[in-house]
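What follows is a structure written as structure tokens; I'll ask about it next.
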Amino acid sequence: MDRPATLSKEAHVELLRKMLLGRRFEERCAEMYALQKIGGFCHLAIGQEAVSVGAMSTLEPDDYIFCSYRDHVHAIVKGSDPGRVMAELFGRDTGLSHGKGGSMHLFDADHGILGGHAIVGAHIPLATGVAFAAKYESRPQVVLCFFGEAAVNIGAFHESLNMAALWKLPCVYIVENNRYGMGTSIERASAIYDVAQRACAYDMASETVDGMDVLAVRESVGRAVTLARRESKPTLIEARCYRFMGHSMSDPVHGHYRTKEEVEEQKLKDPVRGYFQQLSSQGIIDQAGLEQLNAEVRTIVDAAVEFADASPEPPASALYEDVYSEPYGPYTRSQP
Amino acid sequence: MASRVVMPKLSDTMEEGKILRWLKQEGDKVETGQTLAEVETDKATVEMEAYTNGVIRKLVASPGDTIKIGATIAVIGSPDEDISALLESAAPPPAAQARPVPTAMPIRATAPPQVVSHDAATNRALRASPLALRMAAEAGVDLNALQGSGPQGRVIKRDIEAAIAKASASQASAAPAQPVGDVQEIVLSSMRRTIAKRLVQSKAPVPHFYLTVDVAADRLWDAYRALREENYPISLNDVIIKASASALKRHPEVNASFAGDHVKQYSRVHIGLAVALEDGLITPVIRDADSKSLADIAEEVRELVDRARNRRLQPHEYTGATFSISNLGMMGIEEFSAIINPPEAAILAVGALREVPVVEGGQVKIGRRMKMTLSVDHRVADGAQGARFLATLKRMLENPLLIG
Amino acid sequence: MPLITYRDALNQALREEMQRDPKVFLMGEEVGVYQGAYKVSRGLLQEFGDRRVIDTPITEEGFTGVGVGAAMVGLRPVIEMMTWNFSMLAMDQIINSAAKMLYMSGGQFRIPIVLRGPGGAAHQLAAQHSQSLESWFAHVPGLKVVAPSTPYDAKGLLKAAIRDDDPVIFCEGETLYGSKGEVPDGDYVVPIGVADVKREGTDVTIVAWSKMVSVAVKAADTLAAEGISCEIIDPRTLRPLDEAPIIASVQKTNRCVVVEEGWEYSGIGAQLAYLIHRDAFSDLDAPVTRVTGADVPMPYAKNLEHLATPSAARVVEAVKQVLYID
């Protein structure tokens, strides 16, 4: 894995482009939700792009990721087609899960995206299991497991990290610490403020990193991925970031649990703008270049919305499909 | 190009929002992402953003207004274009199409068709097991006359069985009615009473129509004679049963029942054969007659008829027919029309085999003819369908090798 | 044919399937070094090593989730629940992950996992260790639920479950492990979703599964001496249920008794009674009767436990009730 100093200009611009794509996509999702094209719950990752982009820039194509319900940007960055992601959000047959999953359940087997899970922390054991399987079959694959800081208090987190450390599994646990579990700040939910400290309960490697700095995240996760691939050991990474929108589209940007001033202050550390400014000061890209990138990603997002909008809903027959893999297979026989 | 600003959906359960205040006024320039207004939803007070660039041309809603999501609250466009069209049709977009909810998994009928009790005179408050109700209806037993041996006087299977046994015993010992003058009043057995009731129910609401054919039974007669010479115990009736079953398989529209708002078509063929008893009629059923051999049918008919005459038929042996045959040929009847047994859709009336002069190749010869009349429920099949079935049956009987 | 115990039948199935397919592994508490809490996995660690027979910490939710994750990428885990009582800790993984993954992903991720262990009561294990939860799992679309009653069924069904590509809840029984039956050597499969007529009869249909089959048999023997002929049907699989033979039997006998160890309210017998009502209504001479566990948490005292559990005597009484015999 390259050290940041040796990243080519093209590679830097590509990272910026991915962050812009995630940002523009999520903004469009907000609009689409307000227009009722997206239903149910919709959790946006605006402000947290550096974590997913930085982390996944360290992966090989056949590595796996697991995320919580705040999964749109993760899916796109890992390689899912934005049109199929938007179609899934619109509940159409052309969506990644044929409209059966929705915003919280994005799955893409072709790109190693294993969901998209809605029960807080429940995917942490799943990610651990995939890491177990990789080791079982002696495959040099690594699993990144993303979740929020509120998930570290649930039992499944504890059970999983214990087993990962005990059995030495190639899983990197990335805590996207955006300070708030819905409306509850970390101070009011966790006895320990520094999430990464919990790793010592399992004798596990850990790091705390600035989650608004894409290159810092890339470096930190890069170390963990190397440790996992070479020595099959897990790491807990705490990426400190901030979400600029509410917990979900049902949640105001600010209100009871955080002030407008706090949000405005955090917006000054916008990871996309920050990275652009860094690259700009190094002469890697200028304002015109940024405009062009923006135009490119806008075109992609527009096309995604158009594709989704033109797609049909799943047929009624889809209701009973895929409940079982083979309703009447060779080892299961029941009267049709 | 001007566009409408609509009340956005800002929470998963939001249906309408209240404008608290506008942060932009008419004439103000606005860019994507800038706050337009504060809106109160069912969950919180939220800031609403603009999704396009332009100038606020019109604020359609006022502070304090409660607006349904999707309805227009403002128009954004260029400073001097005509927006009257947008203001006119400020109706909310059509609600998301109601998704068609697939109907529940169809209930799979596994049981063969059952005869339903039409006895409206049965006292509804009488407690009887469903099985007892069914058996009573089929055997013509009057539930009102029974004392149930189940809990709380429930009439159950053994009570009906006992009633049937008693009825057949008492038939034998029923005293003949005394003639009064020229009129003899014959007390109806419970069986006759039920037959009477059910057939009126059949004739009245079932629109019958009748189709008659005269079957050239020469080959049939020859084949039958040949088998008899071999001491093969087959009767002509057995052949008619088998041929009917075979023809019904080819014409399933006639192997059916009217069921109110649909027709039930059966894939299996069960032939009921009318058997005369001393004081009435019963129709033992040959199940799956199409797949049984002639020899098997003959044996089964013999056995069922014998038991029918001795009143030892079980309910499942005289119910469940999909088609019936009545043969009065042995009594010399040339031709007659039978009444359909509900809930079947047709019945075949077979007349006697007659030697008659026929014209063949310009010459008069002796031929054997047999008339058959098919009664059909017009709600289930029409003339052409009945005729096609009857034509197939006729062809089979005229060429017995076609049967099967 | 060899006569072996239910426990050994399961052991054979596990061993043969692990030999047959390198993707099959066994995971759970005490399955390795301890040789299995109930010795079902005896000898497996020695034969296959600790890569394939894995002892876990006490983490039902955690290791069930690990199993589901491994299944997502193609392994075939057999996860042992030391008893089904402890599965409640893993409910989220079983239902929200295992049962629903294929559907939520639009068909992308199969979960070929088997969760197996003993359920129901044993002897005076009290309220938290005596539960029959199969109706909880049978309620969920996406799960298959199996409950073999004999060694023959146990071996064949465990093989079918391991080879099946969907999550299978495999319910054994502590008091069944020592029971003996004829089991052929070598490979054979009992398909999931096929019921078995354990005894033919004409006067009443008794439906029973798992431990209750032997209770039904005992009752049937008592009744036979009084001239009553009982037909005993063992569904073997509770979801998907093989309805046809049960309906056909009730059409023949006109009456049905369901014997189940679980609680009465919305137990599997309630579903069976509904199906019989729906498909054989006019063949019923009496309402379907159920003999179930008492509607209480299992008490410890021996006499109370006996009262709380279905017995052959209660089944005899129920049969006589549906036959209207005093």
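We call the chains A, B and C, going by the order they appear; numbering starts again at 1 in every chain.
Criterion: a residue touches a chain if its C-beta (ideal position, glycine included) is under 8 Å from a C-beta of that chain, and two chains touch if they have at least 3 such contacts.
Only a predicted model underlies this, so the values are computations on that prediction, with no experimental measurement involved.
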Query: Relative to the centroid of every protein C-alpha atom displayed, which chain's own C-alpha centroid is closest?
result: C
- request: Per the contact rule at the top, check every chain pair and give me the one with the most C-beta pairs in contact.
  value: A-C
- prompt: Taking each chain's centre as the mean position of its Cα atoms, how many Å separate chain A from chain C?
  reply: 40
Query: Using CA atom averages as chain centres, what separation in Å is found between chain A and chain B?
result: 56
Statement: Multi-chain touching residues of chain A, meaning two or more other chains, are 335
- line: Touching at least 2 other chains, the residues of chain C are 243-244
Query: Mind pulling up the chain C residues that touch chain B in the complex?
result: 243-244, 247-248, 251, 254, 278-286, 324
- line: Residue set of chain B touching chain C in the complex reads 107, 109-111, 114, 129-134, 149-151, 156-158
- prompt: Inside the complex, what are the residues of chain A that reach chain B?
  reply: 27, 30-31, 33-36, 39-42, 248-253, 255-256, 313, 316-317, 319-320, 335
- prompt: Which chain C residues qualify as touching chain A in the complex?
  reply: 25, 51, 54, 56-57, 59, 61-75, 92-93, 96-97, 101-110, 112, 141-142, 144, 160-161, 163-166, 189, 191-194, 237, 240-244
Field: Parts of chain B lying in touch with chain A, wherever the complex brings them together
entry: 6, 8-14, 33, 43-47, 49, 51, 69-70, 96, 99-100, 102, 105, 108
